[in-house]
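The following pair of complexes shares a single chain, chain A, combined with chain B in the former and chain C in the latter.
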Partner chain A sequence: MMPFQIVVLWSDMLVWLLVAAGVGLGVLIARNPPLRAAWRRVGANRVGMAAATVLLTFVLVGLLDSLHYHLRMEGKPGQPATYAIEVLSVLDALATPLRSRNEKTYSEPFATRLYAKESIDLPGGGTTRDYPRLKHGGKHLGDDEGAVVEDAGFTAFRAAAIAFVGWLGLVAAAGALVGRQPGDAALSGLQRIWRGETDFAWNAVLATLAAILLVVVPLFWLAGSYHVFGTDKVGQSVLYQVLKSVRTGLIIGLVTTLVMLPMAVLLGIVAGYFRGWVDDLIQYIYTVLNSIPGVLLIAAAVLMMQVVIDTHPQWFSTAAERADLRLLALCFILGITSWTGLCRLLRGETLKLRELEYIQAAQAFGVSNGRIIVRHILPNLMHIVIIALVMDFSGLVLAEAVLSYVGIGVDPTMTSFGTMINNARMELGREPVVWWSLAAAFSAMFILVLAANLFADAVRDAFDPRAA
Partner chain B sequence: MLAYIVRRFLYAFPILIGVNLITFALFFVVNTPDDMARMQLGVKRVTPEAIERWKAERGYDKPLMLNSDASGTKVLTDTIFFEKSARMFVGDFGRAEDGRDIAHEIGKRMGPSLAIALPTFILGLFITVSFALTLAFFRATAFDFWGVVLCVAAMSISGLFYIIGGQYLISKVWRLVPISGFGDGLEAWRFLILPVLIGVVSGIGSSTRWYRTIFLEEVNKDYVRTARAKGLPETLVFFRHILRNALIPILTGVVVVIPLLFMGSLLTESFFGIPGLGSYTIDAINAQDFAVVRSMVFIGSVLYIVGLILTDISYTVVDPRIRFE
Partner chain C sequence: MLKIENLRLGFAAGKQTLAAVDGISFDIAKGETFALLGESGCGKSATAQGIMRLLPAAGRILGGSVRLADEDLLHLPEAAMRARRGGRMAMIFQEPATSLNPVLTVGRQIGEVLERHLGLIGVPARERMLELLRLVGIADPERRLDEYPFQLSGGMKQRVMIAIALAGDPELLIADEPTTALDVTVQAQILDLLARLQAERGMGMLLITHDLGVVARMAHRIGVMYAGELVELASREAFFSRPRHPYTQALFAALPEVSRRGLKLTTIPGQVPSLSVMPNGCRFAERCSHVMPQCPTVSPPWRELAAAHSVRCHWDGEALAEGMARHSVTELDIEPARPFLEVAGLKVHFPIRRGLLQRTVGHVRAVDGVSLSISAGRTLALVGESGCGKTTVGKGLLQLLKPTAGSVKVGQRELVGMRAKRLRAARRHMQMVFQDPFASLNPRMRVGEIIAEGMSALAPDTSSQARNEAVLTLLRQVGLPDEALGRYPHEFSGGQRQRIAIARALAVQPELLICDEPTSALDVSVQAQILNLLKKLQEELGVAYLFITHNFAVVEYLAHDVAVMYLGRIVEQGRAEEVLRSPQHPYTQALLSAVPVPRLDGATAVIRLAGETPSPANPPSGCHFHPRCPQAMDVCRQRYPETSDVSATHFVHCHLRA
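Coming up: the complex of A and B.
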């Protein structure tokens, strides 16, 4: 009997559906020469590929966090198995030390004591006011608390050395791969990578990987014995919260586009292709939706969703499920409010395309409208769709933080960059200043959004026919 | 021209009706007034009588669209739709949860909102256009490259960071201006400096980049080449020809947001405690005051549509090639 039971949340399903859709899109692109050429240009772009490497690291964290399960409770033999209510993910399992070793309240990064003084009972009776020792942070040091810098430095150095060796292995593998591709026979694979003479920007990817490994491996190694990003008000590791926030941000950025895309593409093409009253109707719908300022429409829709959720508690068996559905509803609402821009672009482009000779030829041959749209119009709109997809992502991640701050974002129990910032916003007013939660949330968000922006630029440069 | 403007306003009417129907559907059909009452009253105090009283106090106890019990025009007018949604067209927004008249409250709060939004808008436009023009002037140099890098980095930073960081650094550490609040008359400037500054800074990244592309598109046009061929110095080409022509898309692009300045900014106002429309909306969202949110949605759409009409008019004003029939 398995010691756990797999739980598939709705958002997990959509995440894996997205992965499948991505693979499907990849196959489609591989069969379409112009798109394949465009993706090759993306692959040759150094900045773009470095950004993609960072993005993939975030995606990996998000995917690990999208495999959920319940643990089986210890029970008497012979009884039906019961499962814990808490829903865990593979990421939680990997980060068990981060998740379980909670302190009492705030503590600074790499601290061995809490940030504020408390009354401590002395062993011989009586009390004193001092900074209490942390339960977990730097426990292995014992009484030798002054050795934090040496200990952490040495541990980080050892971990970095191991990461470097691992990276060398990756470089060797990439060199072997490049060496087998046709090219200048006088140069080995590694030399070609070093000189940047490869079609794919291997040098950028490997350099980024080196940076990621040299930061991430020592960080997690140290996280085994310290709170590397400190702890928050309830003593939870900030690093763990950052990891959990990644999935929320990715889901907001990706699932929203999944909601928006079919609507925008279908309505945009239909309006541009058939014109007449269909066009008028679709234009009317998106003008109306567009004329409501985005935040207000989202606020109104989210308020109403809250009422639905609050008045129907029987729909949700666990808190995780409720938070999950609320996240999806938020994606849905964001999707409904953001499809209009892409729809208008696609309508305009379709209006232009339908007048071109090759479409008229297809019509003269008696090809059906549906077939013309799928075979002749849609492929020629793909570049607009792809550009819009990658451009929207970073904006959505940023929007989540703002919406959660305003109180119309994700469920307050769900960890996200927005809820982290929202919970920490009063901390700068404390004495001493508690800066680490905010710093960690903003930095992680900055890295994610910057990578997304740079990748989006690379994709736009490669796909936009005007830029070529 | 006048006939065109009148016609545009007539076109706007069906759109406003659409907005009205959407908000009506969101606020009264997706959730019945009973649900709202239960939510507002809280779980403990929910009794059928309490719900009825709550609805009656707010006029939510009528039928939604058609009142079959009434006679004559009352069939249509004695309904929630007419009382709560259709009346917004004449500026009657009803009362908020605290009993105050929403229309009066909105009129009172527009001033503070505008006091922040207008300087932010003008200053921000001036600074970003100048910065973009400089980048375009030094195009394809290291200065341009690092300027764009800076813009991309700036637009990747969350707007919340600018506000929280700015408040911490300038108000708490350096103690230059008060952290938050609002004053009357001339005293207000001390409260306005920081939110305006932060508003300008947080918009620099994306706007500069956008304006820079507009300038660069203009740089390669035929008339610019002609001007250079005539021997005009590059600075004169930029300021006399490129700047003036690039301002057409820039100005027509920003006209649409001018009416929306009245709405203020949700984030800035709530962080700095400005008693404007943005913080009014946030408070309403947090207190789940549905009447206020509904009114703000309607006003926002009206202002947006006015902005669209102004955009169209501004096209004809600044670009004599465009004529609307």
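Coming up: the complex of A and C.
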């Protein structure tokens, strides 16, 4: 009997469906020569590939966090198996040391003592007010608390050296791969990568990998003995929270865009192409939607959903399920309220396109309206859609932060960049200031959004036939 | 006065700088018009921008000198240069619609120059503005001064632009294609104005154009540019009587003209070489019909032929290019019993909607009762100025725009009011070739898909094998290589794109092709290729053309019948020879006289038309043409003239012929 039971949350299903769709799309692209050529151009773009490498790292974290299970409780043999109420993910399992080694409250990155003074009972009787020693952070140092810098520096260096060796292995593998491809026979694969003469931007990918490995490996190595990003109010590791937030951010960004996109594209094109009363109707809808303050609309919808969830506790067997459904509902609400901008943009562009001569030529052939939209209008709007998609992805990750800040975002039990920033509101107000939580959330979000933007640029450039 | 020596201009592309203008030298005397002639992409405009030091961001001045009355402009600091621009030299741009700022009044825009260069403000400035507007022939200048550009017509905008250019009393006027965007009658007005102003003020003028007709009317001396180099410098007489460079000769030979009817036009093979792959020797060598062994390697030096006539060419023959192949069937003398397309009383009105409830308050009568007929294998040219409704007729015929009234019969079947499904089948018989080859092909589709689109829409059951075959046949028919199939439109030049558009239209084997100014966006030599192609296709396939154009040279060369349109109606219709040789309607006469002819003796008396075409939303009462007609009578103001027969095939709507 397996020691665990797999739990499939709704959002997990969506995430893995998206992965499957991505793989399917990849197969389709591989079979279609012009599309393959376009993606090759993406592959040749150095900045784009560097951004993709960073994005993939985030996606990997998100995917690991999307495989959930229950642990089986210790029970007497013969009895039906019972499972723990707590739903864990593979990421949780991998990050068990981060998850389980909680302090009492705030502590600074690499600190050995708490951030607040407490009354400590002295062994000889009596009490003193001092910063108590952490339970886990820097425990191996014993009383030698001053040696943090040397110890951490040395550990980091050792880890970086190991990471570098690992990276060299990757470089060798890439070199061998390139070397097998046809090309200038005089140069080995490595030389070609070094000179940037490969079709795929290997040098950019390897350089980014080097940067990621040199940062990440020492970080996690140190995380075994220190709280590298500090701890929060209840003593949880901030690094762990950042890792957990990645999935929330990705889901908010992706699922919302997927909800919004069909609506914006369909309504925008239909309004612009058919004009007349259809156009009027759609314009009125989005003008009305736009004139309601967005946060108010979202707040109203979220509060209503919360009431529904609260009045039907029997729907959910675990707290994780409830938080998950709330996340998805938030995605849908955000999607339904945020399509107007893109819709308006696409309507305007379609109005311009429909007057172009190639559309008229198609009409002169008696090509049906549906076909004209799919073959002539949609492909010429794709660059706008791609740009809007990524801008919205970044915008939504940020919007989630704002919504959680006003308290109508994700479930309080769920970690997200928004809840982290929301907590930071109090932390920045206290004296002395707790800065690490906000800084960590900010940096992670910044890197994620920047990588997404750069990658979108590369994709758009590659798909523009005029620039190719 | 202006002396340019060995001027070299380039554009930065990535790490290298590509020379767009490579060592040109010429000078312009006071009161002289120097015309810079050449096809697009030869560096004409870059030269003008270089003289003004207004090159775009990527532009670099690589060397040489530009001296305006012994002052080296290229070494002046930018601040001093600003005093020269608009002060000592001024520029008129091609597109009057975009060269004026839409949110400033005319007065503000002229005043700007007066204040900057003459220090005039307040009342004296206003006086000067009124004077300037009168000078450029704008009626009622007091009112116009406080109007915005959108309240002015295209011709008036160009006049205002000229007034702005003159405001600083320049010694040199640079006119970059000043009339290309204007109609022929307005063009004649503007050219006259420029010539008059120049004579009065003794300005030097650098005229940049691709139109040999404009050159013949305006220029004193001519420089021909090819691929960034001057190849021939000549006085007007020498240029038009004895052009010597093979490129100049080819330009002349490529012009469509009535004397070349039934002859194949001479074309220049290939294209202007791109900046990155400029040949070492003579840049024209690859396309030249007189190429000699040294041409591709040795750049030819200047050779003085006569006073004020020099040429850069190794070849010293003189003969104009010979050997125009006659078409096998020159003129199809078809006397058809039954016209293929019959249009009667076609009207296309656009409602003008105003107010909250979008109430219809009037109609733009774009097409107001047009009747035409075309027989198989013939070409009907529909001629008129912009805004007269020619293009709307074409779209109305194809039912791309729903006609308000009238009938369109194709092979006896009525198209107006036909159900969508049957209409689709009927579309097979008529297709359209559009004006702008850059807007008429979907940039995201490959050429093969573009051409096959019509076939798959109208005959969905053909196998993809057969369709592919058909596409290849079409590509060969229009003279494109087979591998064009898998490429995108942006990889082709304008002429090649127009071939693709023609192939797409022919794909469904139509009996009638509506060509909407198919050559107006193309250079002369490319235009000749397309016209040759159209003629060849007519011969081979017997397809009829409705040729919508404003270019009379093309009409003379190609058309069997001509219909002249003015403000939504046909004013004169007949056989090409009849209409062009003995035009009966005053409008036709004025149009024909306004066309600049690329010959020395071309300057016949131009019939001036007052004003510009009125708006079709509010056409004049009676005969639409009467406010501009030099021979208007009382009856013209009251009644629209009936059809009068001049001959069995020649009709005119004019009270003079009634």
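Operating definition for what follows: the second predicted complex is superposed on the first by the 372 of 468 C-alpha atoms of A that agree within 3 Å, B and C clash if a C-alpha of one lies under 4 Å from a C-alpha of the other, contacts with A are read in each partner's own complex, and residues count from 1 in each chain.
Here is the rule we use: contacts are C-beta pairs under 8 Å (C-beta built on N, C-alpha and C of every residue); 3 or more make two chains touch, one makes a residue touch a chain.
Just so it is clear, the structure is predicted and the values come from calculations on it, not from any experiment.
Using the contact criterion defined above for the overlaid structures, shared-chain residue A:10 touches neither chain B nor chain C, since it reaches no partner. By the touch criterion stated above, A:154 is placed in contact with neither chain B nor chain C. In the superposition on chain A, contact of A:296 is made with chain B only, not with chain C. Contacts of A:307 after superposition: chain B is touched, whereas chain C is not reached. In the superposition on chain A, A:405 makes contact with chain B only, not with chain C.
By the touch criterion defined above, A:365 reaches chain C but does not reach chain B.
Those residues of chain C that touch chain A in the shared complex are 395, 398, 400, 423-425, 427, 430-432, 434-436, 439-446, 450, 453-454, 457-458, 488, 490, 501, 504-505, 508. Partner chain A is touched in their complex by these residues of chain B: 14-15, 18-19, 22-23, 26-27, 30-31, 35-36, 38-39, 152-153, 155-161, 164, 167-168, 172, 260, 263, 266-267, 270, 281-282, 285-286, 288, 290, 293-294, 296-297, 300-301, 304-305, 308. Those residues of chain A lying in contact with chain B across their complex are 284-285, 287-293, 295-297, 299-301, 303-304, 306-308, 310-311, 394, 398, 401-402, 405-408, 417, 421, 425, 428-429, 438, 442, 445-446, 449-450, 453-454, 457. On the side of chain A, the complex with chain C involves touching residues 34, 356-358, 360-368, 371, 375-376, 379-380, 382, 465-466, 468.
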